[in-house]
Amino acid sequence: MRETCPTFMKTRERCAVGRADFLRGQPPMSADHTSQLRKRLRVPVIRESRQGALLLLPALIIMAVFTVYPLLDGLWMALTDQNLLRKTIDFIGLNNFARMLSDNVFWLSLEHSIELTSLVVLFQFALGLVLAWAMSQNLPGMTLFKSIIMASWVIPVAATVTMFKFMAQPDIGFINIVLKALGFSNLNRYWLGDLTFAFPFIMLLHLWRNVPFYGIAFLAAMQAIPKTYYEAAEIDGANAWARFRYITLPGIRNMITVMVTIHVLWTFNNFDFVWLATGGGPVNVTDVLPTYIYRQSWSNYDLGYAASMGTVMLVILMIYFVVYMRVLEGQARS
Amino acid sequence: MAGRSASRIRTALMAYLVVIVSVIFFISPMLWIGYTSFRTQGSIFSGQIVSPSKEYTLQNYVTIFSETDFPLYFWNSLRIGVVITLFSLFVSIIGAYSLSRFNIRWKNALIIGIFSTQMFPQVLLIIPMYLVIVDLGLLDRVIGVVLGQLILILPFQIWMLKGYFDNLPLDLDDAARIDGCNIAERLLYVIIPIAMPGISVAAFYSFVVSWGDYLIVSIINQTSRTATLTLVMQRLSASLLIRWGEVAAVTVLTIVPTILLFSFIQGRLVAGLTAGAIREE
Amino acid sequence: MNKKRTRREFMRWSALAIGGTLAACAPTPPSPTAAPPTLPTAPTAVPTAVPPTVVPTTAPPVTLSFWNMPFVTQEVSANYVKQWQTAEAQALPNVKVDPFYGPGDYGPLRTKYLLQANSGTPDVVEGLLEDIAVYVKQGLVEPLDDRFNAWADKSQFVQATVSPLTINGKLYAIPYNTNARGMVYRKDVLAQYGLSVPATWDDLLKTAQTITQKSNKQMFGFYVCTLVGDPRAPQEFISWYFQVSGGKDMFDTSSGTPTLVATADQLEQVLTLYHDLFTGNPSACDPNQRGTGWPVEDPGYAAGKWAMAPMGPWLWGRRSESDTAKDILTNKTVITQLPIPQGGTHSTYLEVKPIAMNSASKYKDAAWQLMEFICSKDEMGMWDADSGGIPARTDSLTIDAFKGDIAFWVQGFGALLSQGVPISVVNWGPVNTANMQAVNYVVYGQKSPKDAATWLIDQIHGMEKAKTL
């Protein structure tokens, strides 16, 4: 006999019990336990399951319409000569891809994309670890520091770029003012217009935005490692570096995987930073695939060609994803 | 013993060094742009860090408010942000709950599928997505912008919430179910109240992403109905390139709401964002 | 009891959510709703008979959108925009204009228009002569012959400004502004260093370098736009090219499809000028300003950062920026023609800025009313006086705003109009991108002018083959 749903108050009480258990550190149950429970209660399974699947439907529909379908359309566009100015669309097979092979700017952008992504993620990882280590020390003022450090992640990318563009201005930019004060006034220049320094500057923008995120995430993961491990290691005579290498790093391995994966995807696909800061210039030194694709679409109106390069981007990321998953599986098994 | 405390001092010093460098590096650009927004054109171009006191002014803000339709754009950004937060939370909560609690066929494939949509390059999707929005008749409408921006938000949000829900023990659900609550009641009365910290982080995430989005809004917008701050900031800073004082003022006004929200949420930001990634051993 | 309570709670939450969403989606000012079309497909047949009379103002109120660059980029002052809005509301009470005037600079404006025009928004669009050519090819602007011919003010328009907008025998836009590219220089600076006004490219280089040196790089001698995607940069480029080619365009369009007639030698000559302007120590132009465009050129001159620059009358609008700007523009500037190379001619880019009507607009009659208002004697005059342009109507020059300080300015630029050469009907977007890419290769020292010229010719040949011109 199905009782009526309890009042809100009673439910909250019951929740409080569960919550207290939870906070006391009882491990969560697995899904198998649920099915056993269900058998005990003799609650019908199928109806719930179907309802549960229905809950996922809105998300799936939205993604199908606004992500999957456009993607398929985009892949199709890559095989045509679709142009913003031409009425007719012809199927041209792999011609766009052939054209890509002899396009110098494409290879340059590809090189920059890969360089940017790998360097940025590497530095973010290293600096994030350093930051996390510092924050894990129990020192006065750390709480305040922890609470303000992620501010750089929340502000809009357009605002970040504007700030740094201003700081990079010749004569009046903060960077150049400081250099002048330190006696290096011969280094005064527009940093984003400089052939050598524009690319590192873009890397700097990525680091500025994301390193705190890494730091905080690693810190959270570090704090989940039981202290007993460290105590045991200290008793065994391991120094700080060895403790770090053999306890901390493996302990946060899951978080490392997540952060690296997400940021490789985000950095490789990122368009705003480079476009708003330099537009890909000067003379293509900061050109990455997303900005080149954007220019092909909107300045040259060549949608088919742009789509074919977008396809290449997707394929690269898919390869990365698959390879990375295999590597992880291999690690997990060992 | 003396060696122990010496190394502890050394550790503390190194940690403080990192803190100081970090504060200088991560916080000072924002302070600098805020400082610049209160300076006159002349004092900015003098290249000095400090100027005589009469060269500080509120004029930049006055100009922004009187000469541009700033309040309209602010309101548009806010409106779009709130709508998309409500909408995406609704879709993500039920989606994440479903993925977390139910044995759906092809569940793993769906999870990987949802997560992997983050792989899709935005620049590739933008024109086909524009065509879909036009076909739905949603060009230059708030809902059009919302649906377009959802693709930026949903994958990460669902993944985040699923991780958070996974860490909530199943006996909560089962206890409620024994009492006869159906799915909706369970969600509404049990899960959501407990998951509030994680949900507030998810809400924060979607608002911030929407607030800062440029590419999608620029494609769908046509008139003042959907003109947002990022759009206008981009437009302004291209033309006011030398009027850095006013550019600084607009930047500050764009940053302040997100920083405010951040200050409310920052205590739980970490736990919420990383819930899916920390597995308790 | 509890079930009912649950359901009520549920209803309340859902109502809130739905209500909130609806409230958020409720359109604020009534805007033209878009019919959902796709990307431009087959060109629709050009509409023929258009009622020449204007709909009486008792028609129901409509809201139009008007995209233009000057309102949005402070080329006209904010005060002028406010005054324009008030005047428009008074003159056309049934026609409201959306206060969001478009995506901004001409590049974004053009690409957005190309993508979205068939949705009916914007109704009226401003642009560059280059843009109209592309719009016409895509069938995105409405022919205006009948309406224009029926307009009483038609005779006031300078014929030389209307002809470039007549394409394939039909008029596709009304001009509101015209100018020919010239050069401004600081007479006080030249006098201070005992220099004379440069008449040739060699003179220009020498004079500019001297100024840079003698002012210890506080003021550079010259400035040119080199930003890829900037609207001004290719106009300066084509001005130099016209001088070399004797007033002939880069393309021959007599056969219908554009063919490239510019030679590698001609392009090399132009690119060498760009190269020379940035080399040498001291150089004529500031190397730190490589890759910048009009948003730097104009305020820079008005702030005294360079002594000479290729320029048009719009600079006048900068007087309000600062006391220095006012002083420089009113008292210290002289207008002259651009220096020419050995054996070159005095030909320069003729700018005619058009106002056009979207061929998909839902309110064509109201849009025409708006266009008549924008190009009326007083409104055109005040717009051009505020931004410093030369009106396309002769009677606009008689309004009060043109008396006083601005008189010498308009006269100086007016004298150059005879040198102006209008560009041909070509899809200039990709061509200009390629032109400026070549300039960038040269000023950043990545290619020699000869190689860059060859590269440029190859690029344009590729466009010819792909039929994107």
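Each chain gets a letter, A, B and C, in the order it is written, and its residues are counted from 1.
As a working rule, a residue touches a chain if its C-beta (ideal position, glycine included) is under 8 Å from a C-beta of that chain, and two chains touch if they have at least 3 such contacts.
Only a predicted model underlies this, so the values are computations on that prediction, with no experimental measurement involved.
Centroid analysis (C-alpha atoms only) places A farthest from chain C.
Here the two chains linked by the largest count of contacting C-beta pairs are A-B.
Centroid to centroid, with C-alpha atoms defining each point, chain A and chain B lie 13 Å apart. With centres taken as mean Cα positions, chain C sits 40 Å from chain A. Distance from the chain B centre to the chain C centre is 36 Å, each centre being the mean of its Cα atoms. Within chain B, contacts with two or more other chains are made by residues 45, 90, 131, 185, 234.
Contacts with at least two other chains are made by residues 6, 39, 115 of chain C. Contact of a single residue of chain A with at least two other chains is seen at positions 4-6. Residues 4-7, 83-87, 170, 189-190, 193, 195, 279, 281-283, 295, 298-302 of chain A are the ones that touch chain C when the two sit in their complex. The touching residues of chain A, counted against chain B in their complex, run 2-6, 8, 10-12, 14-15, 18-19, 21-22, 25-29, 31, 33-35, 37, 41, 43, 48-49, 51-56, 58-60, 62-63, 65-71, 73-74, 77, 130-131, 133-134, 137, 139, 141-142, 145, 147-152, 154-159, 162-167, 169, 171-172, 174, 177, 180-181, 208, 211-213, 216-217, 219-221, 224, 226, 240, 254-255, 257-259, 262, 265-266, 269, 271-272, 276, 289-290, 293-294, 297, 303, 306-307, 310-311, 313-314, 317-318, 321.
Interface residues of chain C facing chain A in the complex, by the touch rule stated above, are 1-3, 5-6, 39-43, 107, 111, 114-115, 134, 137-138, 228-229, 288-292, 427, 429-430, 433, 437, 440-441, 444, 446, 467-468. The part of chain B that touches chain C in the complex is made up of residues 41-42, 45, 66-69, 72, 79-80, 82-83, 86-87, 90, 130-131, 134-137, 139-143, 184-185, 188, 218, 222-225, 227, 231, 234-235, 238-243. Only residues 6, 9-10, 13, 17, 20-21, 24-25, 27-29, 31, 33-39, 65, 72-74, 78, 98-100, 103-105, 108, 115-116, 119, 121-122, 295-296, 299-300, 303, 322 of chain C touch chain B when the two sit together in their complex.
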